[in-house]
Amino acid sequence: MLSLITLLAPAVGCFVLFRMRERDDADRERIRRTASAFVTISLIASLVMWWSYDTGGERYQNVIDVAWAPSLGIGFRLGTDGISIAMVVLTSVVIWAGCYVSRSIKDRVKEHYILLLALVTGVFGVFLSLDLFFFYFFYEMAVIPMYLLIGVWGSRAAQYSKEYATMKLTLYLTTGAVFALVGLLAVYYQGSEALQAQGLLKAGERTFDMRLLSQAVLSAGFQKAWFPVVFLGFACIVPMWPLHSWSPIGHAAAPSSVSMLHAGVLMKLGAYGILRLGFDILPVGAHHWMGWVAVLCCMNILYGGLVAMAQRDMKFIIGFSSSSHMGYVLLGLATVAAGSGEAATAGISGAVFLMFAHGIMTALAFGLIGWFYDQTHTRVVDDLGGMLKQMPFVGVCFVIMAMASAGLPGFANFASELLVIVGAWRSSFTLAGTGLTVPGWVPTVAAVWGIVISATYLLRAVRDAWFGPANPRWEGLRDATARRERLPFAGLILVLTLTGCFPRTIVDTIKDGVRHVMQRQEERKAEQPVHDGGPR
Amino acid sequence: MTGFLAWLTLIAPLGAAVVLTLLPGLRRSSMGPLLAVASVLLCAATSLIFWMGGTHTEVESTWTWMDFATSGGRGIELGVLVDPLSKMMLLVVGWVGSAIFIFALGYMKGDPSIGRFFAKFALFVFSMLGIVLSTNFLMIFVFWELVGASSYLLIGYYYDKPSAVEAGKKAFLVNRVADFGFLLGILMIWRMTGSFHFGEIEKAVREGHVSGSPGLLALASVLIFVGAMGKSAQIPFHVWLPDAMEGPTPVSALMHAATMVAAGVYMVIRVFFCFEPLGAVSWGWAPGFVAWTGGLTAVLAATIALVQRDIKKVLAYSTLSQLGYMVMALGAGAYSIAMFHLTTHAFFKGLLFLCSGSVILGCHHEQDMFQMGGLRKRMPVTFWTFTAGMLALTGICPFAGFWSKDLILDALHAKDLHFLQLAATVTAGLTALYMSRAWILTFLGEYRGHAHPHESPKVMTLPLVFLAVMSLLIGVAGYAHWLFPVQGYLEHWTIQELHVDPSIAIVSTAIVLVGYAISWSIYKRPKLDRAEALKARFPALYDLLWNKYYIDDFYLWLVRTVQQGIARVCRAFEENVIVKGLVGVPVAFTAWVADKSRRLQAGRLNFYAYVFVGGVTVLFLFLLAMGAR
Amino acid sequence: MTTFFFWAFAVVVAGSALLAITRRNGVAAALWAASSFVGIAGVFVLLGAYFLAVVEVLVYAGAIMVLFLFVIMLLNLRETDLRVLEGPRMHVGGAILGALFLAGLVWTCRRSGLFEVPLEPKGPAGETGTVAAPLFRDYVLPFEIVSFLLLAAMVGAVLLTKRKLS
Amino acid sequence: MTVGHLVTLAGVLFTLGMLGVLSRRNILIILLSVELMLNAAALALVAFASYRGNLDGQVMVFFAIAVAAAEVAVGLALVIALFRIRVTVDADQVNLLKQ
Amino acid sequence: MSGWNVGLALPEWILAGSVLAALAADARGMGEWVRRLAWFGVFAATATAALQGLLRLDDGTRLYAFHGRYGLDAFAVVFKILFGATSLFILAMSGQWLRRVDRGHGEFRLLALMATLGMFFACSVEDFASLFVSLELITVCFYCLAAFKRNDERSVEAGIKYVILGGLASAFLLLGIAFIYGATGSLEIRALAAQADDLGHGGASLLQFGVLLAIVGLAFKIAAVPFQVWTPDVYEGAASPVTAFLSMGSKAAGFVLLLKVVRACLGPSADAGLADPDAVRWLALVAVMAGTTLLYGNLGAMWQGNIKRLLGYSSIGHAGYALMGVFALSEAGFAAVVYYLMAYLFTVLGVFAVIILVNGAMKSHRIDDYSGLGRRSPFLALVLTVGLLSLAGVPPLGGFFGKFLIFQAVVAKGTTLAYALAFVGAAGVVISLYYYLCVVKRIYMHEPGPDAPETIAVPGSMKIVLWTCLIGMFVLGIFMGPFVKLAQEAAHALVAAR
């Protein structure tokens, strides 16, 4: 029930907003409050789910299962496990803050919030779906509102217009999505066949139920052939190097609340998809291929960091740093290929935790950048400088964000990166097809060096934008003073530090989810496919 | 009880920092700083309690911070470990810290954001205590990072001053690079012994349960040491420390002289089993590496200190040099002596920095010694305490430095590290030279500046007096073993009993006196013409020293040209290959095909018919090609 | 005999068609086409499809061609106007496509053995009565649809040739 | 003579009609060529009717002729409408709509 | 199977009766009556068809009339409802538009009515004669409708192009029918099924040639490459309501007939064609056609400045997707096609409704006219955007689920060819999203031009159309269960009914 409330609150919000008028400022204020109210419902529901999560209990909790199109095996199936709980909480926290940050939008407020809520409905849907169809349904649904949100309310990103940026983002993500769709359908079909052969489904029946599909014993050939398809489809949105180029300009062009959601949550859909579908349903394929990811993610980490170092636009810096950080997520996921359950559990839990931490952190970053960009109308760090005098609160928050992003202990990012590193260190990665084995220390060294790089560009950005002698040009800048202006930033920092100082609050939940994924990985060793699902 | 006290000691400064940060009202009131001071005083008190508890009470209380293991095993723990070593370090942090905090109350008075200063300062104390009390490698790493961050924040305290901001950044990044090695070292040790926990690792080492080739063992050991090199500013990671003097002087005193920079040394002592050959496990060339690093740092830093004009810079290089001593001792396996020197150094170097702070405040934030002079009469307390500190530093019997430094020389001698012993002895002379130079330039002669120097208030001079007294006493006390519980921890130590060898002591004292004499002859002249002449006589040498052996410039080149060059190449790659190539080419191709395919739609009816009929023919041929029927 | 007539009609059909599509003058083209239709009617007779032969002559050679001529006259297209229109173009391509198509068709016939089946009227002769029987039983539905088709064509033609609109 | 020959004749006629459509610019003659093609198909139907020995093919030709008549009626009406506003029956002139 | 059973064709009779009555009314100058009769006829026929489906059809049965030459099964009923709905929408949409034209109201409605009649017949045809003539009935009506604005050069040009290329296609279809007849000796479509094995196994060159040409003739109707050339031109030239009718009615009719023929080609059992390795040739043919069609349509649309032309190309693209469903040659594939067309109905008609309204205000069809529509007329902008996104296949809209079913049916085949086609289809989705979003961009991100009217009045009938389409798109995209069932029943009837 809670999962349904979490999902439906923003959807209902959409309709309610649709029926509201927007004629004067009072109307706009009403719209903002309504939107905030609905996402707060989601926030509360998701926090309750988190709170009431039963570690060691059923894998999927808060399950809802309604037959939807039974002839195809589609069901409206919602539920949460340890992994999705973290993601749902992340989403609800970020959208909660995003709704506050969105107050700076003054034009076409109603449309803005409708699209924002539609977007977040999609995101919740992805994280809550236990049905392959609805997973994809919500996944694709989350991508499209982004187009309008960026295109209408966004801003120029360096030499690129917002129209270009948003088009690129949308097309890129859709490309990935439809690519993955083919893979998902193959999984659906062959998985159902296998389930029929195993006797878990009646003959001729098919199902999109991910819980069932993850029990399907698919042949190694099929898994190895199709895992890359599913993976690459989702890797676009992660984004894995070299498929990342949509993301920095997308971040840069988006209005702040959308950047928050985009970098904070949307990018996590990809990794979540890989984890949920790739690992659970195609364990052999994952084990086979993820070694390569351990190599590619080094490119994410190092290359992303280096490019960020050469950027002057604040949003681009954070944008590339996001792609760098997502490299750690990929590295954590890649530990599934390690062979050792211990290391992989650490690595994958770290990856999920990092998704959470990075989501909060980057949402904070974009919210703060949005705050000053609305006033300075520039994000180029060379033009900024000395703003701390004018906006101490925002500035301090920014420094905290930079510290968190640079992996300072006390913030969730550190704890999660540490888990990833510990996991990766213990692993070794076989590069499928070449027979080569990369020892775990290779990507780990890259990852640890990546922390150095991230500190470099972040501190430089902080120095250039905030510190230094007071700049007369920024005389009139306004700090966040009102409570509702400070609330989103303070809230995000609170989450970041709470989970950073007491990581067990969330890691234990995540680990419980990962445990099941790893169990599936262990089971695969014993499995003999009943049904050969290779291409005919 | 001990455990609770230890936790309380650890948490109290954090609490102060958090409260000060979150409550702007308190932060701006005069009570705010006192809260922070109280938290440090608490530490001083508990450290005394622990110390009185004797040399063998050990308390270890842990709490699983994060648990990544699926089955059994330790996760990542936070804990407090009260053993002789940490008791010793707690004493240093607590007492030197308290003195400096009190001093800071006076020094920072009038600063509009004094609350912010004390919040950060308390945060530092928390981080430092975390290192001191930590039970395992990951915890120490956590607090290692926190110390680095608080150092960054405090160096950059004057955030509108670009040089301060830059120095903070530099400190953080240099430490980050060193921590890169540290973390890898930790991970390697973990891989080899299967634990992060100090006790378990020591047990594994003693029992020989360490997997790994000798080369890897040495590498792991050295990587751990790299972490220490960063914090303790050993060459080549030393560049951040002199720049860090941009921070307020109490910060320089507590962090960049007394405690934080000593954390590296402390950490190596804490994990001595990663350096000391124990049982079957040998760490190869790692101890030698440690010793030589220390020696090099000691000598080079001392030489650079000779030409500094800024009083804090002189002290900073002196700190580097003294840290070099400690590291030499570590390399020689003389862990408890290193700890001894750490302790004495903390007191007298803290004292010296506070004195310099007093001087700077007195001279209205003038730091150039050549703009000082003759302060002896105007700031008598400062003068006398500085003198005490100088004597302690240069190792004049019976001041503290004498005992610890000569014991290091003895250790080097005992380990047959004669070249290093020579270097250390020479460094002692150089130390005397630059310290007396600073002393003479600052306090003797005539005042050369334009301000009106005055003595500092009581709140500042009292800590000076306290520390001066300690500088006098602590060496003897330590030598007499009744202060000094470290040996309880290091009972394995190979050189069980060390005494000050009179011959070595006499030689070193003589060299120190020579140093005094030289500086007296050069700087105790009204016009300083001999100093100028010397500079003109050896321009190349002077430039070399003035430019700090060009190491900073080299790094600058590395960062500005090499690193930024790579970054630019990556950016160009991003823009040209990834964006224009990987994305642009398929897009352009699609657009091109789209444009061309429209040509089929030429508008002419006959052509349409052609397409139609051609289509039929092609389909038919296609069918035939797929298999004729 | 059949052979002779067949070839004679074949020549008429194909030759007239060839002339029809190559005449520049519209009137001439229409007349040659009518000639081709008459030839087709001849072939129909040859195969015993008498009813169809009559219909072919009446509807095609008669009604439809008259309609054509009528329109050509109505539009008052002079031969010179039409001549200007035509120039050498795409003949080669068309010929190749046509040849390929024809070759495919002939190949199909050969493969399915149509060249072994002698051409002789089989089954019932296509007289009015015999054709009407299936037409008004099995094919009454298409017959009805055709009536609507013609109705639609009529309405459409009226609509399209009306002079004024808006 | 065989059915094959007759079908071939139909093919020839069809091809000729096709060529007319392909190469003529006069819309009237193009329409005429389409009629030739329809007739060719009718011829083929009759040929197959005799081949199969039933009358269905012949009935189909009946419909084909009716359809052809309808198409011609509409086609010619269109030509008239075109001529009225453009004063041309040249297919090449009818190319406002393209690409 | 034998017997007259004339009453079965009641919907058609109702339509035919209203055509005749309307004709009489028109001849007597009673324009209003024509309108009423048209509404009544279509509505009554559709309702009757629906009732027939509910009352007379069990699962998987087919009822026959006219001695087996008229069949009524779930497939036919579903499509009759679809066509009836299309026709109703068109009547509603054209009302306001017709008011701008002074004459020819009656003819327009008559032709639309007769086209609908043709479509109804097409749903039930059981032999090639009916197939041919019903197809021609539809087509001839559309020739006239396309050139409806007979003093508009473009409209007439569209008519000319359509009539000549359509004639060409008819000739090929007729020749194809001749060859099929030659091969089977019967004009009944099910006779083809009896020989379907031959189609695969060889010896049936005649059949092969005939089926190929028949497919050519039908491919022309659905605008599949390489017989698509007429589409953009005719779509652009014809009046907007006509284009709307063309894009839904004509295309769907083409698919109805194509599915019937393809079903027959599969042979007596639905799986025969699948199991036969020889059928790969045909599969490859359809796959290539589907792939090139969707790529061509979507690529061509990329650089269009005229919205109707863009939709013309996009309709080619959609034909490609639907052909993918045909490629699947399975019940699932056919069901997907049915669902696709159902969703397409609401989507494309919604889009055209907006186009008609905007055109009424702007007098042109440039995409630039839509600049700032989001500010000027938020509701129209919403419907158009949702429609375009549904065309692109974005959840939670009907177009998405249609595409999803298509892809699912194709992937279910599990062959390399199928996977390749699925990936091509995926590429097409991305390209199509691009140009649809380009329109959306103008709607929301560009500012209105200086000469743009402030708001566009939406008459009541249009409001109904717009709302219905909007709701329809969402319902078909979210609550798809019952409609999937319907499509599956239709496909099942097509495949399995005797």
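The first chain written gets the first letter, and so on, giving A, B, C, D and E; residue counts start at 1 in each chain.
In this section, contacts are C-beta pairs under 8 Å (C-beta built on N, C-alpha and C of every residue); 3 or more make two chains touch, one makes a residue touch a chain.
Everything numeric here is computed off the predicted structure, so don't read it as measured data.
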Contact distance in steps, from subunit A to subunit E: 1
Subunit D and subunit A - chains in contact with each: B, E
Central chain of the complex, centres being mean CA coordinates: A
Dominant chain pairing [most C-beta pairs in contact]: C-D
From subunit D, the most remote chain by mean C-alpha position: B
Chain whose mean Cα position lies farthest from subunit C: B
Interchain centroid distance [CA atoms averaged], subunit A/subunit B, Å: 37
Intercentroid distance (Cα basis), subunit C paired with subunit A, Å: 68
Whole-Å gap separating subunit C and subunit D, where each centre is the average of the chain's CA atoms: 6
Whole-Å gap between the CA centroids of subunit B and subunit D: 95
Residue list for subunit B, restricted to those that touch at least two other chains: 598, 601, 603, 605-606, 609-610, 613-614, 616, 620, 629
In subunit C, residues with contacts to at least two other chains: 89-90, 93-94, 97-98, 101, 104-105, 109, 111, 114, 138-139, 142, 146, 149, 152-153, 156-157, 159-160
For subunit E, residues contacting two or more additional chains: 129, 132-133, 136, 140, 143-144, 147, 150-151, 159-161, 164, 168, 179, 182, 203-205, 208-209, 232-233
In contact (per the touch rule at the top): chain pairs: A-B, A-E, B-C, B-D, B-E, C-D, C-E, D-E
Contact footprint of subunit A on subunit B as seen in their complex: 64-71, 73, 76, 138, 141-143, 145-146, 149, 152, 156, 159-162, 165-166, 169, 172-173, 176-177, 179-180, 183-184, 187, 190-191, 563-564, 566-568, 570-571, 574, 578-579, 582-583
Contact set on subunit D toward subunit E in their complex: 7, 10, 14, 17-18, 21, 27, 30-31, 34, 37-38, 40-42, 44-45, 47-49, 51-54, 56-57, 59-60, 63-64, 66-67, 70-71, 74-75, 78-79, 81-82, 84-86, 94-98
Interfacial residue positions of subunit C with respect to subunit E in the complex: 104-105, 107-109, 111-112, 114, 137-142, 144-146, 148-149, 151-153, 155-160, 162, 164-166
In the complex, subunit B residues that touch subunit E: 590-591, 593-595, 597-598, 600-601, 603, 605, 608-609, 611-616, 618-620, 622-623, 626-627, 629
Of all residues in subunit C, those that touch subunit B in their complex: 89-90, 93-94, 97-98, 100-101, 104, 111
